[in-house]
Amino acid sequence: MAGSTFGTSFRISTAGESHGPGNVVIIDGVPPGLELCADDLQGDLDRRRPGQSSLVTQRNEGDRPEILSGVFEGQTTGTSIAILIRSEDQRSRDYSEIKDKYRPGHADHTFDAKYGRRDYRGGGRSSARETNVRVAAGAVAKKLLRERCGVEVLGWVCQVGNLLFDPPELEARSAVTLEQVEATPVRCPDPATARDMITLIEQVRSERDSIGGACRLFAKGVPAGWGEPVFDKLKADLAKALFSLPAVLGVEYGSGFAAASLRGSENNDALSFENGKVVTTTNRHGGMLGGISSGMPIDLRCVIKPTSSIPQDQDTVTTAGEPTTIATKGRHDPCLLPRFVPMGEAMVALVLADHYLRQQAVKPS
Amino acid sequence: MAGSTFGTSFRISTAGESHGPGNVVIIDGVPPGLELCADDLQGDLDRRRPGQSSLVTQRNEGDRPEILSGVFEGQTTGTSIAILIRSEDQRSRDYSEIKDKYRPGHADHTFDAKYGRRDYRGGGRSSARETNVRVAAGAVAKKLLRERCGVEVLGWVCQVGNLLFDPPELEARSAVTLEQVEATPVRCPDPATARDMITLIEQVRSERDSIGGACRLFAKGVPAGWGEPVFDKLKADLAKALFSLPAVLGVEYGSGFAAASLRGSENNDALSFENGKVVTTTNRHGGMLGGISSGMPIDLRCVIKPTSSIPQDQDTVTTAGEPTTIATKGRHDPCLLPRFVPMGEAMVALVLADHYLRQQAVKPS
Amino acid sequence: MAGSTFGTSFRISTAGESHGPGNVVIIDGVPPGLELCADDLQGDLDRRRPGQSSLVTQRNEGDRPEILSGVFEGQTTGTSIAILIRSEDQRSRDYSEIKDKYRPGHADHTFDAKYGRRDYRGGGRSSARETNVRVAAGAVAKKLLRERCGVEVLGWVCQVGNLLFDPPELEARSAVTLEQVEATPVRCPDPATARDMITLIEQVRSERDSIGGACRLFAKGVPAGWGEPVFDKLKADLAKALFSLPAVLGVEYGSGFAAASLRGSENNDALSFENGKVVTTTNRHGGMLGGISSGMPIDLRCVIKPTSSIPQDQDTVTTAGEPTTIATKGRHDPCLLPRFVPMGEAMVALVLADHYLRQQAVKPS
Amino acid sequence: MAGSTFGTSFRISTAGESHGPGNVVIIDGVPPGLELCADDLQGDLDRRRPGQSSLVTQRNEGDRPEILSGVFEGQTTGTSIAILIRSEDQRSRDYSEIKDKYRPGHADHTFDAKYGRRDYRGGGRSSARETNVRVAAGAVAKKLLRERCGVEVLGWVCQVGNLLFDPPELEARSAVTLEQVEATPVRCPDPATARDMITLIEQVRSERDSIGGACRLFAKGVPAGWGEPVFDKLKADLAKALFSLPAVLGVEYGSGFAAASLRGSENNDALSFENGKVVTTTNRHGGMLGGISSGMPIDLRCVIKPTSSIPQDQDTVTTAGEPTTIATKGRHDPCLLPRFVPMGEAMVALVLADHYLRQQAVKPS
């Protein structure tokens, strides 16, 4: 029932499937006067699109956005913005196999159970294709946050398999730049780890397999006071946003799962005062207290499962319930992490933009 | 802006603070004809309430619910149900210290930043006291799920500090019973681990400190097909629900963070067919695929930070920005886990009840 | 499904029936720092309550509100405010007649059709009793609007039967004061018309009948720019608010139904400029253009049907479908208009407060 | 703030302006298995489109819808449906006059007040152009209602100026057919009145003026039980829907404004029992009691103001506040009623489809 809308004050609604004519997002609530054109969206779309490097799926999608409304004379009008991305690389294929078999790790039998039918061409609505318009909307949110609030959202790959780059010091995380992230196709800002990750991903692909990983998401400049007490805590809305992306199995803030074995005296961040603001040196609280931003960076990690589609035989059943095997034939990412980074950033930016606007009504001008 | 409402078809709105006259929840969307009385709520409220054992805070709250509406002749009418829980143990105290100092790990300075003021008596709206009415509402959701769908939601403490009881086999988790959970005040179903956990918590308290932990939440009987594609994925709504509880720093489903180092061939659950349903032997997918329930148990873990309030000096600042120290004087839980279990169950039940009702509109009768 | 919540940024949720222990409202989104106490609510509650004059039902309800949350040290905290009004005058009665017969003009058989049951004691959830908490919430909205924006909302009875006081000149309507409205129990500001209305209502009552009427609602001081284009037009949200009240059969703005026979050259209000603002001399547009407030007064009329409960025999059916007659035995208003005025004002104020706060996010500070 | 979404279970979000590249609607919540193609939408779009007859504006828009998602193998999938209608007839014009002057009766100065800017080309977002995608979405709702519930929604012009066709008998209104409505371009089902209306509209146009009117909207086959008590009453949601359309100044149900001068004994509809259902012979209640459908036809009237744009000089001001005059030069409808009919039907159908789906969650299967 009507689950394709996200956000309250900065709200997006989406539509589109993997093999339909295109995907659409309507963004409602963007304040007037923001300069906006299609080029503002292309950068992040290019970071998400298939075919961008040898590490990802070789489908070739340009992901060219068309802004259909809400912009006049180069600026947002304050009314709803529609963005359309036409699909391009739709090879005619034989779908008979995935029509009649359920792919492990996919939403095939769950869609059948839910709707009594499914669009079996490449995942339909459950395909990651629908994230392209989220990334476009996220680019609008990022621009708003940057220009109106000085907030920057940045993500990077902090883990692929057992390879980790995740410095425990807040300062080291704060120092990561977009340039470092984009320096390699794997989007790990540490060159040595990035090299190893690339090697691992290529090896995994050559073994007809896939590999999981984790993404760090980091937002600088968020002032204290965003987020609502109780249900719409900032950490709650961010988690919903991230878990709404395909393949996310876990989200943790600050000290995260490690906090299970910590004592209060170890986990509490001591408060001090700097430049007129309450600050902490450490960031075990992840930038939110009581669900409200503390003024420290939003600092979280999410885990992405290995791609479910792998080109080797896996045990499954037919739609009629007979045992069988299936091996993926399409073009898939051996590791979802490099393309996940802009998706994660987009979802974080959408939530922050929403709570930025929501906070306006708490303390009216 | 208006963040005290949760859910769509099964919707709750709450109000109340730690030191006000009481807490209220309005539950909207409960179908007609469910037998309901205050006693149905008391069981879970007793599992949540302070003073229930020597392991938790010794404040003494009866948490007696009064049903104000929505029930007639012992059955729900289909209209909104209001439940009031009056506060009882409100010692008059001297709040001057926490009025003028920010407690580390608490929402003190974030509320000040957000609202320009705060109710400094024990946390105000950010206090865990507000969860009592969530637990009451969750008891209604549980009853609906049990009687209409055969769904059971159960949680238990799977970690305190470095002490773990978290069997990797789905069968072992499926076999845990409410009786086992309630057999000890720590709510770990394994007697030996429970004993160790109790010892650890008592030791931590004697050391004027606190300790973190993790909670397993498990729902059996959820049919395939609940949850929406894209934003209102079941995993997204469950995560929002759990992160809306105080002190939660992480949530993971199925293989969770371990999936970062797994290959697709290791992480995919093979599908088979049993009693007319698609099933999996393992549950690394956590009971949801594409955000829609798969028919396997919902299976997740969340991490709770150590209690921020500890009776030892911690560095902080005054509201005026001067460095100072603070030591908690009130009565606090040395470990939040035992009382977290019914809160976590309640939030899971609220989300499941919501998606059960939402699914009615997808395939109308 | 979950229809007991109203508003977006200034949001209320309600619960309660005619013959339950009490009614509750949770108000979410009230900005911090508004001075508020129960006395602020009592004035409008007294204007709505039964037993206030000889013209209305003689049930005797004090309608004493208790503020349960959201106010600290005399000011709103910014978090949700719960208000409880306990029921007082609940005579034990014999409900067997209305249990087994459907009252014409009431929601008896529609509730049965919807829920398969109904609380037959005096209307249950469909009773006008539930409006007491709306009036309490409306008093909070009025206070916010008055103190933060200089907006005043005022209603009056402009028609009872064929008796009319509804001056066509904007100036005459603008000049009406609360004192004039409250000078007589019928709430018509024109003394002569009021006297006639009172006589008519008493006559109708003596004839065991009831009479309809109309209410003018007027809001001064609303700045240009409130309301959203397309669906959440101010006129759309106001209409929803008013039609959500019992017994309302029509709403019209500005020239209203008379516009059907006007020409554009007659109906358009010419624009001029005064004190830095665009103004109109006439107000045929009713204070909104394109669904957005124009800076002129919000100016509308709504029609209230004659009370359905009348103490004379009416043809109806039993719940089993047998023809029968029913005559109301309880204490009912012979004319709903006098008590409708504060209800209508409350709903207008709730919508205006909501759009005031919503506009903050359109042009962030 | 985010006002371009409408509905709960059957939800639409729209975007687009009068002079942009196109308008888009995303429909979320359409149940799976409904046969749907672009042709299903074209019929109502043709009834709404400009240029359809000599009575309406002579702009020429084909209003060809493209379904971008949510339909697979000719049937709805249950996921969100996007429909795009490209704009066609966009003459390049000189907008300098309306750029610098505020048009009386339009949303020009209210948009400027709200957003600090406006798209001055033909009304931008406030243009009636945005209703084309509402009509497309309404066609989907109508099809769902017809095929799943046997509900038919029909509207007709019941008044233009002082010319009326509005039979007081329920039977006469029930007997009106789509064929009768579509028999003349004015959409009044009575041939004689239609002829007079056409003559009047042509005369008004020749006098460089416009004329108002009223539309009857009627829905047959709605079962008892749709609509929610309190805020989401069916009459409240219908009113919001209708007032969200441009130029609507009033809505009334059943006896409507006439009820102000009726007595209860005159206005109550006696209940009787027929074919297992509670029915009334008269329909002064308009098909809803307590906000819930009664099983009788939904029966309402709404008034549409005369077109504000008229080709004669009207007094107004420049954006700088100087007095001036303005005469509309574009192509406008001399009377909005003929094209309003499908818009009104669409909004009624959207609300009914929403409440049909909402009711599924009240009495789960």
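For clarity, chains are labelled A, B, C and D in written order, and residue numbers in each chain start from 1.
Heads up, the rule we're going with is that a contact is a pair of C-beta atoms (placed from the backbone, for glycine too) under 8 Å apart; a residue touches a chain by one contact, two chains touch by 3 or more.
Being a predicted model, the structure only gives us computed values, none of them experimental.
Novice: Does A-B or B-C have the larger number of C-beta pairs in contact?
Specialist: Between A-B and B-C, the larger count of C-beta pairs in contact belongs to A-B.
Novice: What is the distance, in whole Å, between the centres of subunit A and subunit C, each centre taken as the mean of its C-alpha atoms?
Specialist: Each chain reduced to its C-alpha mean, subunit A and subunit C end up 46 Å apart.
Novice: Measuring from the mean C-alpha position of subunit B to the mean C-alpha position of subunit C, what distance in angstrom results?
Specialist: 39
Novice: Report, in whole Å, the distance between the mean C-alpha point of subunit A and the mean C-alpha point of subunit B.
Specialist: Computed value for the inter-centroid distance: 26 Å.
Novice: Hey, what residues on subunit A touch two or more of the other chains?
Specialist: Residues 1-5, 8-9, 14, 29, 32, 78-80, 114-116, 125, 229-230, 357-358, 361-363 of subunit A each touch two or more of the other chains.
Novice: Assign the assembly's chain-to-chain touch graph to one of these shapes: line, ring, star, complete, other.
Specialist: Topology of the interface graph: complete, with all chain pairs in contact.
Novice: Once bound in the complex, which stretches of subunit B touch subunit C?
Specialist: Interface residues on the subunit B side: 1-5, 7-11, 13-17, 20-24, 26, 28-29, 32-33, 66, 68-70, 72, 75, 77-82, 84, 114-119, 124-125, 357.
Novice: For a test of understanding, state which residues of subunit C touch subunit D in their complex under the given definition.
Specialist: 1-6, 8-9, 14, 102, 104-107, 109-111, 113-116, 125-126, 130, 159-162, 204, 209-214, 223-233, 235-244, 246, 248-257, 259-273, 276, 278, 285-286, 288-295, 303-310, 312, 314-317, 321-323, 358-359, 361-363
Novice: Which subunit B residues qualify as touching subunit D in the complex?
Specialist: Against subunit D, the touching part of subunit B is residues 8-9, 29, 31-32, 78-80, 148, 229-230, 356-358, 360-365.
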